[in-house]
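Listed below are the structures to be examined.
Here chain A shows up in two complexes: once beside chain B, once beside chain C.
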Partner chain A sequence: MTRSDIIVRTIARLMVPFLLLFGAYILLHGHLGAGGGFQAGIIFTSALILAAIGRSRIEFRSQPAGSKLWILGVSGAVLFGVTGFLGIVSGGFYLQYSLLPLPFPVETIHAIMITIVEIGIGIAVSGMICLVFLTITGRGE
Partner chain B sequence: MIPVTDHLPILVVMIPVITAYITPLVGILLKRTVKGIAVVALSVNLACSLLLAHYVLINGPISYHLSGVPPPLGIEFVADHLGAVLSLLISAITLIAIIYLSATIPELGKKKTSIFYTLILLAVGGMQGIVLTNDLFNLFVLIEILAIAMYGLVAIRGDGKSLLAGYKYLLIGSAGSALILIGTGFLFISTGTLNMTLMGDILPDIINSWTVLGGFALLIAGLSTKIGLFPLHIWMPDAYAHAPSITPVISTLALKAGLVALIRLIYVIFGPSLSAETVPLPSVLSLLGAVAIIICSIVALQQADIRRMLAYSTGANIGCIVLGISFATSAGLEGAMLHMITHTVSKVCLFIAADAMLIQAGIRRIEDFRGLADEMPYTMAGFSLGAISIIGIPLSGGFMSKIYVANAAIGIGLLIYAGVILFWTLLTALYFFRIFRFAYFEPSHREHRLHETPWPSILIILILGGASILLGFFVEVPMEMIRPAAGILLGGGI
Partner chain C sequence: MIWLVNGVLLIALIVLAAWALKTRDLLVSAMILSVYSFLMAIIYAQLNSPDVALTEAAVGAGITTVLFILAIQKTSRMEEDSDDETIQKGPLAIVLFIGLILALAAGGMPAFGSPDAPAAIVSGNLYLEEAKEVTGVVNIVTAIIAYYRSFDTLGEVTVVFAVGIGIIALFLRGREEEGDDEK
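Right after this comes the complex of A and B.
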């Protein structure tokens, strides 16, 4: 490690918590304005990649990470798909939430379900992009 | 409560996609069941497609509004006759291919098996979506899903040649996707909607604006890379030659899905406003189609590798389908759609037979076919049936569809294109008869006698070969779906 590395490491570590917070904001803001699960997933992952570059303690490494990330990515996508089918089960169209038998007003049901879908997408994207990063750096699979 | 049959358009798309997501998880937990799950999912998908086709044939097109929001804002799926018949074709062929594949997968190694099936299922979901969606941006997303799965399927072997072929495909395909996205943006800016039918209603008033025409040109160019229309077919031979057996099969279907997108672009979006004065598109497409037919066939004649030869033959057949589409008459459209079906069945038969020969006997080059009819009679018989249909020998399926397209050309007075189709038939006969001569009339030069392919593969090859011939006798079965499809697209109703 050279002395100039310290700049990269310090900046990268400083950025990580803010990026995670920003990711959470983007995720929850998804159904009101610009944002959503995909963007949030990318931001979460960029935080993790920065952490890896900065060699901080939340670095991900080693063999098991690969298959855990697979499970993460897959379950996020399945969460999205299954939530969509709830619409059909409740008697509406695919991805239609207004008919779900929940004790809230329609807007609240929409907000809850869309947030669940966005979380699913965020998990899937984050897991898969992490896997891509691990594979490129030769630490995946 | 909405009847279950109304959900079929989304089920046909989402069943393969969700199974694709589950497959890697299953691959980690229970390694042996991956194939079973893929086969079950595609069987259910085939059942749904059959129901959908039956329902559409009786009750007419289904319109499905995702999340219950109607078209101007929401995403609409439309299962019309064209979508339903292509969806059925895609489900049936992929099911057959995946059953064949479950015998040959060990060549990839255990680790890649679940990823491989994931990519196949994703590609199937993408194709089903492309043929059923009525939303231009959704079409782009589904084309991307299909394309990304295809890049993976081409490169999955991971050796130098297949990675290079996948990279080549990725470069050309990404450029095509970018053009499609920009074109979609242009049309969205001009019309304010992404729904294809609504765009078709708005466009006649503003057809002369450069934005609209530019968007149209970009979309056509982008789709041309996806369907491998003549100058942009160059990714095909490499992608087919070095990929595992299933990739050419899925790709043959993917090209047809792209052609459906092209048909919808020309007839649903631009159909009402398209005329020879504003856009000379029909004549340009006819010319491209004819050039594709001639040049791809001549190049196919020079190939030594069987898969590369079949890839160029596919390029020529795509030219024929584009030729049929470009005539803008119902006869031309019917011919094009029929040729999509006959070409898919026969070409898939040829690819699977060629793959069985490669796996069983290492046959890759055309000289290796010497004496093959003697040693692998059934595989070679299936191959010959498929080849007869691709050549267009009378009474086979390929003959009927070529006749339809040629008739359409004569119907609007463009005799030259009928001549092109005749000349193309001769060229195709030339390069397949070369194989027949080696296989049936020349003795084998091998030291050891080859063994016949295992019987499940033979059965699949013979079923596909028989189907490609029988389509010529029972041409009315697909035509029952195709005629109303052409009627709807040309605005005449069913």
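Right after this comes the complex of A and C.
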């Protein structure tokens, strides 16, 4: 391990919590400012990639966790789809949220459902991009 | 003043694109494309579209560069020298012809941000007027993505899902082959 290695790894490790916080802000604040599920998923992924750089690279390659990441990605997409079916269950159309039996005004229900959908998108995107990254780094030495 | 900044940014984009094409070092090329994406993000932000700017900065300058660098690390860094350095006339003529058509078509486009543009008349103005009351969401881009155009977004998530399934298929096939080698 050379000296520049120490610098790179320390900086990468220091950046990770701030990037995760920024990703959560982008995800949950997407209805008020710039951002949304796609951007937040990408930012989460870059935080995880930096965490991987911060650790020893060999250690990261031998990690079998990558093969389980598809569960995360699929669950995000399923969360979106199932949220759409709630509209049918409540007597409306697919992806129609206005008839949901929640004790809020209609626009609040819409805002809540939009946030849930954004969270689903974020989970799906970050899971799948992480899977791509792990697949490329993990094999074919 | 802002036109000067925009002009410098656009010229820098063209210079960077030409440089990325010319250089033989693929790592340098990936870095130049990363800078290119950052400049695009600045242009988008200056055009009052922070959502697109954020996406461009995160995807174009961040993840894409990482994937390029990984691909270069797996293959080779320097592009092979080719003897044929001459510019081919046929493709150049086609490119110039299509560019001329696009330049002529650009003259017929509506003015930037015009409220009379077709995109604004059909649906854009409606979203701007009623999105906040109907959805309770201040950011109209999010309202369109997750409410008005929910089906489109579901399709995009399905595409991401399909990417994942493709990768899983490749992953599992590779693992089976490795298992065969061990036997």
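We take it that the second predicted complex is superposed on the first by the 127 of 141 C-alpha atoms of A that agree within 3 Å, B and C clash if a C-alpha of one lies under 4 Å from a C-alpha of the other, contacts with A are read in each partner's own complex, and residues count from 1 in each chain.
As a working rule, a contact is a pair of C-beta atoms (placed from the backbone, for glycine too) under 8 Å apart; a residue touches a chain by one contact, two chains touch by 3 or more.
Predicted, not measured: the structure shown is a model, and the values here were computed from it.
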### Task
Considering only touches as defined above, state whether A:A111 meets chain B (first), chain C (second), both or neither.
second
### Touched partner set for A:G81, first chain B, second chain C, both or neither
both
### Query
In the superposed arrangement, which partner chain does A:G92 touch: chain B (first), chain C (second), both, or neither?
first
### Task
Check whether chain B or chain C contacts more residues of chain A in the superposed model.
C
### Task
Examine A:A47 and indicate which partner it touches, taking first as chain B and second as chain C; both and neither are also allowed.
neither
### Task
For A:I26, select first, second, both or neither according to whether it touches chain B, chain C, the two together, or no partner.
second
### Message
Looking at A:W70 after the superposition, I want to know if it touches chain B, chain C, both of them or none. Which is it: first, second, both, neither?
### Response
both
#### Entry: First (chain B), second (chain C), both or neither touched by A:M128
second
### Contact residues of chain A, present in both the chain B and the chain C interface
67, 70, 73-74, 77, 81, 84, 95, 97, 124
### Query
Where on chain A is chain C touching in the complex?
26, 30-39, 42-43, 45-46, 49, 67, 70, 73-74, 76-77, 80-81, 84, 95, 97, 105-108, 110-111, 113-114, 117-118, 120-121, 124-125, 127-129, 131-133, 135-137, 139-140
### Query
Where on chain C does chain A make contact in their complex?
50-51, 53-55, 58-59, 62-63, 66-67, 70-71, 74, 133-139, 141-143, 145-147, 150-151, 153-154, 156-158, 160-161, 163-165, 167-168, 170-171, 174
### Query
Which chain A residues qualify as touching chain B in the complex?
67, 70-71, 73-75, 77-78, 81-82, 84-85, 87-88, 91-98, 124, 141
### Message
Can you tell me which positions in chain B touch chain A when the two form their complex?
### Response
1-2, 7, 10, 14, 17-18, 21-22, 24-25, 28, 64-68, 111
